[in-house]
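Some notes on the structure that comes next.
Letters A, B, C and D mark the chains in the order given here, with residues in each chain numbered from 1 onward.
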């Protein structure tokens, strides 16, 4: 504990900008020397993805090599650069602090994206994992609106996702591709990237409209009964899609144009987080919490509970629809079986693992479950023992999830961290 | 005579059971009005009927000469009936300042779009609400708890949060359901002071249910006694104190001082 | 002391900088990716795939590696689990191609994973052979994607013709899983073929259920009532026994005919005597097999304790196809993009490949032209060759 | 006249089909409902407890059939299998309670639901690791005899399933109404706090409830093995969710409601497939459930609980 404390103290002076710089250095090291030198000397066949977890689990012989790689490429450069660059990054952060908060946030995000792009670009597998993780973040944050902020136990998220995925896929297939079912492209495919946001929004809107089937019963009931209503909704969507042969039925639907590269997904994820953050910290969004904690009191305090419930469902479903649309265009193939119980279990695991009523928690949940799921791949079956066990322990020791009831404080996150006045002894 | 709140011949049945019968009430502006009665007399039901939790089977409810019967609870609340609850109805996972902020819900008009994109209108209104919330928290002596979860507060403070929250809805009539229940003597003194102050500072009438006679007699200008859903007496404190019917039905065994 | 330290550091730094010049590139290993459903809905299929692949690797290792252009290369299998999920299959393919640098991929088996995974393989210009996927979309417009089996549009009419010729029936019923890609597709093709032969309405009952259902009583009651003479059910080994026994219990006494998905050894093991005497179309018949096919079956049975499914046999063929293509490519440059292209070209050129599931030649689309086999489950519960139909 | 009799037979045949299907839903959903009554939580691992119970039943049946055949008549083997399986499976229930639910009694309800789901996944994967990917075939504990009465077909297995399920439910009813433990369970479902005052600890009642539920599920598993003799590790998932639907449809905590709703679900599934094209079965069946719950938001026999639901 003592060491950890000391460690924390030592790095408490590093601002976000410093961490970025450190990670950037690490990524540069990996980018230029990772393949030819470092992994080569450590006896690794290639740059290990996901910090060597895959290779360590598959071939235990490689463990020292992979660990050494992590140490040389990530841990040491990040820590060293972050700490040593304090004298530049702190004034830098202080400088940015003088700017309006949004501008400073945008600058940080651009830096962050640059690093992410560089890191992921080393390997297409990383790109795919990052893409799917970002989509999961949208999903998890959006289900948190319903299950966390609004406190329902909604099981219909895969259904909303399916609606979004199918509607947006149909639109892109009609508009931008020559498809055997929907005929030739109505618009020149070059317009695709520009109109894609509209297509996604249409998918989200379809999901939002579909969510009324769950939202309206929620006026009169909640808890377990609503859970069943939402579960029924999910099965209805799945069964309906299976019966619609013009969109492929159970065979699924493929050939979506590749309109969702990493930057597009990144921007949508940010937009989602930003909008949901704005919403849940505003009074209209806090109304969700009041409905969850005591509906009668909320009514008496002038809160329009019906409108609030409907907003929560439609809003959550809208983003689930967006996530579905992005998902469909990442995989360029969807089938109704993807949006069933398995997906539900995954989404629920992410949101309850990460933490209720917290966007940070949702992000943590989505990232950890996704990365764990990938990193433990070599364990095959045992993966499905370990992940549930981790979740059970989290539930037992932190019943509301890892990080719950916490909101992002952008200002605090980005501020300069000057040394405390009392000289901290090393 | 301009009545602020006027209830005429209100009757309500639960299933076949008559809970409130032929209830009449007139509250004038800035009046403090008390409602007493034995347990199970239907006092809270009267509150719930007027504030719209239930819609009365018969009768009329007028607020400033406008009918509010049959409106949704939140609309009635927005028109100016603020209330507290007998068994605290706070929001367990929210902190104090959010409680007070929330009660401004009906006073906002920036809409969902504003909330999503944090528009200027939204920011301005939210800031105003924040200021107002802090003023209210100061008044109710709960500012030091602003960022704490309500469940971590002492009981008396929780009651004050409820009152502050009710005041934040900007009510014309404040309904207090046993505001002193379960309080320590210290807290009680504070509560009386606060109610007085609220009455002084805001243009508000108060309608309260209370069990502590001393408290009711000290505060109220008019008192109603409810027994089995029917009003058996109404008048100023002295009159009620000496009304034989009231003494028999309710106060018989109790010490009136 | 300090001098030594400085010297070492400098020496190490120099060595690092100079080494890529000094040592040549890393050793070339031929990696073959296996994309199999080891967990999820059909783990048995994954198991068969994995076992066949391991058997193949054993052979290669015994020979001391794979000889290409006069040089022996070490071969490594990269086996990835796709959890029977489409996105997982896509991830697995991307990982194998971009991270593990595989030369070719075998799998995924089911069409619902093979269709999206094929997209990835084609995008990265890597040969992918799906041994078992019968959906036309898997290989459609994808020069790098091949398959090891015939397609639904071929199999459906084969079964329809067989029933007509064998029994002379005119009224058929179909029971299939509406939520599963393969049965649904095949059911549609069969219905079309049957109605072409016997006129519209000759499929008198066209009933469905959903994946993981175990009770088919209401559908079967309907089928029995419809007066159908034969029941066609293109279902998997875990559903066939239930369908057969429930049908019998509800008074069905006509024949029940299946498709290649019956081909698992487990079908008859789970079904028992109820399935004896039934027919299905398949890729190969295990009982009475000869030559290489028999050798494969015996070896598999000796190693793993049961007769291999058609999945295992097809996977074996797919691996041997890949092997053939790699050898035909002539020479490995060590530059993976180039080698992959060479393998693809070689694979497309293969003529009359002698697989254990029949002779194969690829069409333009990468689909093999091969014969279907009608198998009868004999009274010992073995899969007996009954007839074959070639395109 | 002839077509009339035929369609009458057709309906009757489907009623029997539905009774068999419904029996499984009913018996399993009772397990959900009992746990709900006592803990106000749903045991999402129940579907997988059923699966494990079926596997245990499979093992016991195989052993007994090998050892006892010829020594004792088949019904005795059947009975012995049921009793031993029930006993063993109830320990699974106790395990789930102690390991997964006891630490979470004060936690949000959803956390417990997640824990249940995860325990379920662990069971599935554990079975898959232990027994491999091979499906197993449940050995028949009695010879199937097919009776053809009038126009309808009924096997002795089918009849037995329907009758035993009903007997089980009656026995459970008696247990809950007549025994001390049963009464404590009922009391618990009325008032969580009053029971400790009665001198019965929740730490005994809760595992007992899980045990009884698991025992019921195990018997259902054996019967299931007779009707649908293919075992796979994921067999409990869909059945579990459907039984959960039935438990809610019946009204939470109501055992009578759960049983009735279980049968109703069986009837909905069978008759929707009978009347409409069977491709639309799920679509219509779930739409019916959605509509029922929209207009009867407390299920059939659900009472409004005074306690506020936890998050």
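In this section, contacts are C-beta pairs under 8 Å (C-beta built on N, C-alpha and C of every residue); 3 or more make two chains touch, one makes a residue touch a chain.
Note that the structure is predicted; figures quoted are calculated from it, not measured.
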Handout entry: Chain located farthest away, centre of chain D as origin (C-alpha)
Key = B
Problem - Chain-chain pair with the highest tally of contacting C-beta pairs - result: A-D
Handout entry: Centre-to-centre distance between chain C and chain A (centres being mean Cα positions), rounded to whole Å
Key = 35
Problem - For chain B paired with chain D, centre-to-centre distance based on mean C-alpha positions, whole Å - result: 49
Handout entry: Whole-Å gap separating chain A and chain B, where each centre is the average of the chain's CA atoms
Key = 44
Practice task
Averaging only over C-alpha atoms, locate the centres of chain B and chain C and give their separation in whole Å.
Solution key: 72
Exercise for the section: Note the residues in chain D that touch 2 or more other chains, in rising order. Expected result: 125, 128, 237-238, 279, 281-282, 311
Handout entry: Junction residues of chain A - those touching two or more other chains
Key = 238-239, 242-243, 292-294, 381, 384
Problem - Sites on chain C at which at least two other chains make contact - result: 39, 178, 210
Exercise for the section: Please give all chain pairs that are in touch with each other. Expected result: A-B, A-C, A-D, C-D
Problem - Parts of chain A lying in touch with chain D, wherever the complex brings them together - result: 147, 151, 153, 213, 216-217, 220-225, 227-229, 231-233, 235-236, 238-240, 242-243, 292-294, 341, 345, 348-349, 352, 356, 381-382, 384-385, 387-389, 391-392, 395-396, 399-400
Problem - Of chain A, residues touching chain C in the complex - result: 36-37, 40-41, 45-46, 49, 54, 123-125, 128-129, 132, 238-239, 242-243, 249-252, 254, 327, 331-338, 342, 374, 377, 380-381, 384
Exercise for the section: Note which residues of chain A are touching chain B in the complex, please. Expected result: 275, 278-279, 282-287, 289-290, 292-294, 296-306, 311, 357, 405
Fill in the blank from the handout: As the complex stands, chain B meets chain A at residues 51-53, 72-74, 77-78, 82-83, 85, 89-94, 98, 101-106, 108, 112, 114-118, 122, 126, 129, 165-166, 168-169
Completion exercise
Interface with chain A, chain D side, in the complex: residues 36, 42, 100, 103-104, 106-115, 117-119, 121-122, 124-126, 128-129, 237-238, 241, 244-245, 248-249, 252, 279-283, 286-287, 289-290, 293-294, 297-299, 302, 308-309, 311
